[in-house]
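Take a look at the structure below.
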Amino acid sequence: MCRLAAYMGPEIFISSLVTEPKHSLIHQSYHAKERIEPLNGDGFGIGWYAPQFCDTPAMFKEVSPAWSNQNLRDVARVTKSSCIFAHVRAATIGGHLSRTNCHPFTWKNYMFMHNGTVFGFEKIRRSLRRQLSDETYEMVKGTTDSEHIFGLFADRVADFTEPTLDNLAESLIGAIGDIEKLKSDAGIDTPSTLNLVLSDGSRMVATRYVTRGDDSNSLYFASAGQYSCIEGVCHMDEGEDAFLVVSEPLDGSQTWQRVVNNHMILVDEHKQVLLRSIEL
Amino acid sequence: MCRLAAYMGPEIFISSLVTEPKHSLIHQSYHAKERIEPLNGDGFGIGWYAPQFCDTPAMFKEVSPAWSNQNLRDVARVTKSSCIFAHVRAATIGGHLSRTNCHPFTWKNYMFMHNGTVFGFEKIRRSLRRQLSDETYEMVKGTTDSEHIFGLFADRVADFTEPTLDNLAESLIGAIGDIEKLKSDAGIDTPSTLNLVLSDGSRMVATRYVTRGDDSNSLYFASAGQYSCIEGVCHMDEGEDAFLVVSEPLDGSQTWQRVVNNHMILVDEHKQVLLRSIEL
Amino acid sequence: MCRLAAYMGPEIFISSLVTEPKHSLIHQSYHAKERIEPLNGDGFGIGWYAPQFCDTPAMFKEVSPAWSNQNLRDVARVTKSSCIFAHVRAATIGGHLSRTNCHPFTWKNYMFMHNGTVFGFEKIRRSLRRQLSDETYEMVKGTTDSEHIFGLFADRVADFTEPTLDNLAESLIGAIGDIEKLKSDAGIDTPSTLNLVLSDGSRMVATRYVTRGDDSNSLYFASAGQYSCIEGVCHMDEGEDAFLVVSEPLDGSQTWQRVVNNHMILVDEHKQVLLRSIEL
Amino acid sequence: MCRLAAYMGPEIFISSLVTEPKHSLIHQSYHAKERIEPLNGDGFGIGWYAPQFCDTPAMFKEVSPAWSNQNLRDVARVTKSSCIFAHVRAATIGGHLSRTNCHPFTWKNYMFMHNGTVFGFEKIRRSLRRQLSDETYEMVKGTTDSEHIFGLFADRVADFTEPTLDNLAESLIGAIGDIEKLKSDAGIDTPSTLNLVLSDGSRMVATRYVTRGDDSNSLYFASAGQYSCIEGVCHMDEGEDAFLVVSEPLDGSQTWQRVVNNHMILVDEHKQVLLRSIEL
């Protein structure tokens, strides 16, 4: 599994997500709470939209642990952005690590990350790839279930010239449906846990999904305030509108609301938040 | 803290220590049991005496976690030795990692590793270095307490042309005494935990030491048999003489004996084992 | 591009290929002579058959430069084998590096490496993958032309229960033919340079190939002697039979013979060497 | 040796130094022109003063080559600063690499880097360290001649509460003098090449120095204009004041002036440039 955090709102330092909160993403890289396995030491990634580069988010990804990366600390300390993704990864023990397989993934102006697993993915990878467009086939460089889901999204969203927020949500749900259909066609009965976060820099969609039952991974959000982190404690004060979505609360404060299982969050360019149940 | 394992006896594959046991050193790198903090993801090292290279042990050390290192798995799988050291490291969170600071350390035909901490070490580093010989001053390349203890040992053992096993033990205890004196001179009251393992390829000395009280790190040994690991379970069968010393048992079997606090183990070239209390 | 060296014969230390010769493979990693671009700093790999592990060669591969890797030096210094592959890589400047894309590649008891380029490969990758068997589709983990050629070989050699040396050669030439046909079908006119080396631990096949003309990469071999490297100078003394194939001579001695363009070398289990022109 | 570049002036993207010029610092990492050895593949570093962090420059340093680092490209692409240092390193072949030994170095609000070598440094390291203050002794974490020179500077500049530009220059020249005296006291006759660059974020000092003769490393500067890099070509247009100092011109344009041997450049907070000969 993995842990993730995303932010959209007035510019903040990346460190406000990644290093400063008591239970920051770096802290979650070695002490995650809401998972049996507390360790996310198989790489990390941050992605952010820089002021003059809304069309191509910047990425900083490594296969080594987040907790010992001095460059990450320094880049996070001095870099501001109004849209930030951060991810720490736990791969299978003994598995091969590659930067290509680190989240977030980007394509055009989109950024994407995933917490969860498509169990049995290796059995559908080939049929999945067969149905990708040529462009998306080349775009997917790595071997993860996550990046392939992003590929399915990419093919679906390409149908819209200027996709609305609903189009983004629809394309993401469509990708989840594609995965479920591929598994069903292959007679695979194991569940998928698909906590997905997608943004184009000004809008965001996040899902908390499991194939059936209630064993999805945890997901929380905070909204309708101005986010800051002071001495390890996260604040959402009244004022400007910010939005955060996280695998685990970044501290013990009251800031965080749990997302209900099999629901999704849509955030528009004004940071208006809409909760919707996921119907495939 | 850290976890360590050492072997001396008939040639075995390095994997018998590092990957195959149920609670192998790689397993301890992410799931150590006898420590509050279960994670040792800040680098690893293996050192071994290869058949024709008794004078210069070979080293494989990395700052990345042991659990995801494919090269480690392959080298351990096919490499045999009659004297093997293995170490997984936990550094301070946020601290800088360097291969130079990874255990084991070597000098001439000696190999050395440490589990524990000299609390307050940064306050005595300069005075410690001042008392090193020029040769040892250059030999100590890194910044750890561990390597500096090895330096103190090196200066002491250099007094003996052909050191006996007792000379090795005496030099190691002398180095512990040097540390305690330097701390005392500097008015430092915090304890030191010094589980040290030293070998010259044919003999071994290991200590379980804490300045006072009984909060030393755990240490176990196994001896007087032929070591093998079959389907994750460690065996010490009658037959040839082997010796192992480990921070934690490598499995749940009856193979392992706890070393009493503030005691040391001396192993001679015939794998005869002597336990002795540590008197500074 | 890349530089490679392979050895088969009585056991030698890996260092005899990789570090000791005056123009060793490590030296070629920063000072290759027979290429316009002298730098091969984008990773390296060594593969070797260890005495008791003829079925699964051991691999040591990294994305960092060979010249500064201390672990490589130490492993090469103390490890002996009767069949060794070594490779230093030059990727496209700015391209993404991944251990998965480092040579040599292994599958079952085979080891494979490549020096050269299939120009226009990205245009045939998808159609190539479409014709792989399911097993080979999963075996090819990376994105290089090289590993895909190995996949084509794997599918062809699988037709033989106990492949003879001729079957190995035939399968390798078949894979070259597959590439040329895929390019031709796609209307791709650019050449391929395919210096390939393949072994199963007791036999070896090596090709020097270019689609047309004489711009293939250089390739040399040495045979019918006992190989040793003394103070940087390579010797093939009379006595036991050894075989070496290299991109560039490992020193300035008379040991090395140039392989003629579009020819292949077959080496049987008795190190008998057969030169044959490549006919697709 | 190494290659370096530094900028001070209106905010520019780091990429304008590091990736965009035809002969950018990344290009110099594999194709340096004004050295016998064209390769600087043993690590790199960039340091910059971020708008709200003038007291603590941010650092991005790695031991791997600059040319293949995707994170460097992305951070450089979107990050602006009014004071930037960049450095690519060539260590001794076979030497051990550590991030601690990568340039630039920082201490308080100072940033420092070096191109050159104190030949025979290992013979004066211990006596040099003996004369450092306790604070500076702890500040110097690595083993390079470069960082120790920075330590000597640190002790000298600490004498000034609010050092003027002249004080900075004087302290840097004092450090060079310290080195020469230590070598002379030790009977060391080999030269030192000391191209040093120092900044506190608003002022800069750079030296081109060799102990004697004219074999110093090359150094160039550009000033009195507005720097930009368009399609690989560097421009210093009239307008705002910027200053650059580089080991080699970043392109073939007329922008660059050679610094005379054993001279230094002082740049004040208004980017006024003063050239002065170095008198120890």
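Letters A, B, C and D mark the chains as written, and numbering starts fresh at 1 in each.
As a working rule, a residue touches a chain if its C-beta (ideal position, glycine included) is under 8 Å from a C-beta of that chain, and two chains touch if they have at least 3 such contacts.
These numbers come from a predicted model, not from an experiment.
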| item | value |
| --- | --- |
| Smallest number of contact steps required from chain B to reach chain D | 1 |
| Proportion of interface numbers common to chain B and chain C (over half same, under half different) | same |
| Separation of mean Cα positions, chain D and chain C [Å, integer] | 42 |
| Interface hub residues of chain B, defined as touching at least two other chains | 70, 96, 99 |
| Arrangement of touching chains [line / ring / star / complete / other] | complete |
| Complex interface listing, chain A residues touching chain C | 96, 98-100, 122, 126, 129, 134, 137-138, 141, 143 |
| Interface residues, chain C side, partner chain B - complex | 48, 50, 52-53, 58-62, 70-71, 74-75, 77-79, 99 |
| Contact set on chain B toward chain A in their complex | 30, 38-39, 41-42, 63-65, 67-68, 70, 73, 91, 93-97 |
